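First chain A sits with chain B, and in the next complex the same chain sits with chain C.
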Partner chain A sequence: MSIVIRKSTIDILCAAKWIARRDCRALSSVPEKVDIGEEVKEKVPGHKPRAHNPLLEYRHVYPEFLPDPNPKWRNSLREKMERADMLKRRSQIDIPEFYVGSIVAVTISDPHAQGKTNRFVGICIDRKGSGLRAEFILRNVIDHQGVEVRYELYDPTIQLIQVLRLEKRLDDKLYYLRDALPEYCTFPLDMDPEILPEGTPVPLNPVQVKLKPRPWLERWERQELKGVSNIEEHLKEKDRVRRELRKTPWEKYDLMKQYRKTIPAEDQSEIWNEVYNQLQQMRVSRKKMSRKRTFATPKTQLA
Partner chain B sequence: MFRILMNKLSTIQSHGFHTTTCLNEVQLLTRLRVVDNSEIGKRAMAEGKPPKVICVYNKKRVGYIGDRVMVAIKGQKKKGILVGLKQTQKVKVPKFDSNNIVLIDDNGTPLGTRIHVPIPTILRTILKERTHAKGADYTKLLGIATRFV
Partner chain C sequence: MTTSNMKLLCTVLGKMRIDNIITRSHFSHPRFRPPYWYLPKERVMSDELLTQENKDFLEEVKQDKLIHQSALVSPLANNEPQELVQWNPFTRRVGLIARKIGNYPMWSKDGKKFQTTLLQVVDNHVIKYIPPEEFKPMKSSKVVWKEKRKLGCLLIGSETIDPSTVTKEYCGLFNSVGMLPKKHLCRFMISPHAALPTGTPLFATHFRVGDHVDIRAKTMDRGFQGVMKRWGFKGMPASHGVTKTHRRPGNIGAGGEKARVWPGTKMPGHMGNRWRTLRGVKILRINTKHNILWTLGVAIPGETGAMCYLFDTVLPLKKLNTPPPFPTHPPVEDLPIEYHDESIHLFDEPTITFEES
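Let's look at the complex of A and B:
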């Protein structure tokens, strides 16, 4: 009886909270499509003077500016100093916008070979960390050997980060490429960058990979992956039963869990107000520079 | 009551055994992949009997990149150098999909004449440090590499 009462009161409380905070706390550091749709709908008839809200755009373009939501690791002063350092580094080097699934080339100065650089091309399979510790993992298959390199985004030895193909995949993390057939993550090292026309949204690549037969590195069947086509072929009856048992369909209703995973909108707006102007300036100046370069190159070729 | 419920839920989730991912360390009896074109290495890999580690020459007895190991390959004892690991590596050091080894003799001269997979550049520094005058010269291995990552 007591449980029933408690449960019902909790439900009511949750619902009330959900309604109350729906408009101000639907933003997250984790991209969620449902949120975006709602937000956009709300903002369109709204009375905001700015045409686009940086909150909506920048949390996907610059995810590393948002701190880790774990309250044990929050420290406002450290975060502020880190942001300043990140902006300083960004004024030195162009760190482009890229996502998990994009193909990226990284050139670093190599301390092991004197006066030389090292370039690695690969598909970004994960982006993690925040602040100056933000890192990403590139994967490629070179000479039939799978190779992965982890880079820090704000590493001072990085000379150039080049996005060869800007796109997204169906999943947030692509660790299943380790168990996929090698042709799905084989990219030539001398790939040419593909230039998207300005103003187009980032394309989504709906390719579904084929996994190698088992053994696998993880239990992919339990992770509800969208980018894998042949997962059912390799499963036995036992695996299907256990997958059903391990499902957690209630987690999407867990508001507290969602709240703990995300940075509240008020905190986010504070951060973006702090860095918005500088980031925007850098973007504009980079665009100008690239235009100048495109004008300059044919002249030199003709001469 | 709530606590009992929570306990039940947590036991369902954990089942009492650990579910951490494995470390993929190179230790005693790990199977390796020979990546040079030495005769013995090629035959061992073709027969599906890859070499086993029988000794890692360091204090920890866990092989890291550039470490010397002794392997049992086709009934013989050979020495080799680890040139690529599955284990999670430091930043900017490549992580490979297999544990790779290049066979060498006691002087550090590789048995093969070519390595057909990429080699991490950090090996240049590591092998230079390990090489001493009048001792074994491990940097000969770098000469037969085809590609560095």
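Let's look at the complex of A and C:
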């Protein structure tokens, strides 16, 4: 639990400072994602960058190696066996780095398909689960019909996971694409992979989607979504009033809630120390095999 | 002579009265009496006001005992050729005490996913064997007409603990056989020829991959619950004029002749925290290094970290066919780290592909 005290010439608001400090303390994927926008803004004035433990950066690349933080389900030995099995599977198949918002192609062996394999391309709208139960959902619109497929990350029938476009979106979960206009999640099945140059940070796609008129599957207006542009024009006065009533602005100050949702930094560094070497070896050997990444400009800003 | 006898008999019979017969409508026998080998374990912890030197000395003694115990060699290791009686299908072997440590999915060779439960066998040792002649179980009110099969009682302990944390009596139970006290103690009824000497360690290899076991454990304690959670009742509608009876049971009995609540009616009450046995659970994978068993399914009672007892199954179709390690698996140095069932796909095997037929 390290508390970083920033030396700043410009006065930052007390609250903002506090949020930043707490985010540093929890050191897990959840708070970082929540406050990602603020952090980008803060870094701009030229502050000294934080001295991060490089091992802890793995929590974004391999989020499923962190166990479920619910103390009822934790057991160090089970987690260890699970990680060993995950590494065994990773030695057989390259599971690349991708995020919610990336466009991924998955080839899976299917006994009922023609040619016994099935390939699906789509945008990753959610990643969840930890350990061997990690899964992700791909969404695409095929023949004007929205299709979603849920894949298990460690399913041994998956032959290939290919990242066609590596990028992040403004939100953690993109379920609102179900209610968005279909062009925002329509991707050609024969899309070519866009290769980023070595060492570039994962680009953030700031596209804001347009929602279809109501009825919606969820009450999107209450979820403080950043990636939706036209939410206000579909709302009635009643919805705005209720949104105000349902707001929970105190939750971001609930330290215990944050703590319960995250794995402490000490536990994380223990986990990463255990798996770091093997993951690094696999990475290096795969890099040698694959061709080098070359730069390609993103074609469209839309989706 | 005969007449005087008759007179005597008549006077005796005449004195007898039948109007003051005492009948007891209900006799309550004790519901639970702990078995005689069980002694209270919990101790009230108090501050002993010891000096630092004394504390250090006690710690040293503890460490010595622990080292001595861990250096114990299994009695099965040295005297090998004592297996005179062979296993037969009517033999009852000893079981294991295990800890449930979680669940995770695995895949079969044909690409099907299934959930498994991990059970860790922690530090199991044989404490004591009580032969059938000496073993006197609890008296019960039921009259047993049939002569029962004579079974001995084997006490198994799991997880060595600090002797100063438990009562003197409980420690004495272990001291009398030269062991350190264990956190969990369980009784297994076994055939006399399956008995094991004191101090024998038991491992996960006591069972084999593909065998079926019965698992006895305490279910999760859910407290006082209503009928919807406890018995799966449907409840009543949320609207359409329903007031204050959304989760209530409704009618609990008929009128007329049966104008009462029948015994056994499903009603709200305490749920969980009961001993339950799940029968016929298949073992899919065994890790010999950490003594972990992977069992099929997630229905093993209890939460993560709960203790459970494993036995050979009694289900007729899943019973052992071939002789298992009998009386138990001896400690062997060069065992493979893992055993697997043929049906499961190992994570370090290549990706599953299907052939065109």
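Heads up, the rule we're going with is that the second predicted complex is superposed on the first by the 237 of 303 C-alpha atoms of A that agree within 3 Å, B and C clash if a C-alpha of one lies under 4 Å from a C-alpha of the other, contacts with A are read in each partner's own complex, and residues count from 1 in each chain.
The working rule: a contact is a pair of C-beta atoms (placed from the backbone, for glycine too) under 8 Å apart; a residue touches a chain by one contact, two chains touch by 3 or more.
In this text the structure is predicted, and so the values were computed from the model without any measurement.
By the touch criterion stated above, A:207 is placed in contact with neither chain B nor chain C.
Shared-chain residue A:148: touches chain B; no touch with chain C.
Of the two partner chains placed by the overlay, only chain B lies in contact with A:118; chain C stays clear of it. In the superposition on chain A, A:289 contacts neither chain B nor chain C.
When the two structures are aligned on the shared chain, A:195 is found in touch with neither chain B nor chain C.
Of the two partner chains placed by superposition, only chain B is touched by A:178; chain C is not. Applying the stated contact rule after C-alpha superposition, one finds that A:241 touches neither chain B nor chain C. Contacts of A:110 after superposition on the shared chain: both chain B and chain C are touched. Shared interface residues of chain A, touching chain B in one complex and chain C in the other, are 110-111, 152, 155, 157. Every residue of chain A that touches chain B in the complex is listed here, in rising order: 2-3, 6, 108, 110-113, 118, 120, 135, 142-152, 155, 157, 178, 217-218.
Chain A meets chain C in the complex at residues 72-75, 77-79, 81-82, 85-86, 88-89, 91-93, 109-111, 115-117, 131-133, 152, 154-159.
Contact residues of chain C toward chain A in the complex are 101-102, 104-107, 110-111, 113, 118, 120, 287, 290, 292, 303-305, 345-356. On the side of chain B, the complex with chain A involves touching residues 1-2, 5, 21, 35, 84, 89, 91-98, 100, 116-118, 121-125, 146-149.
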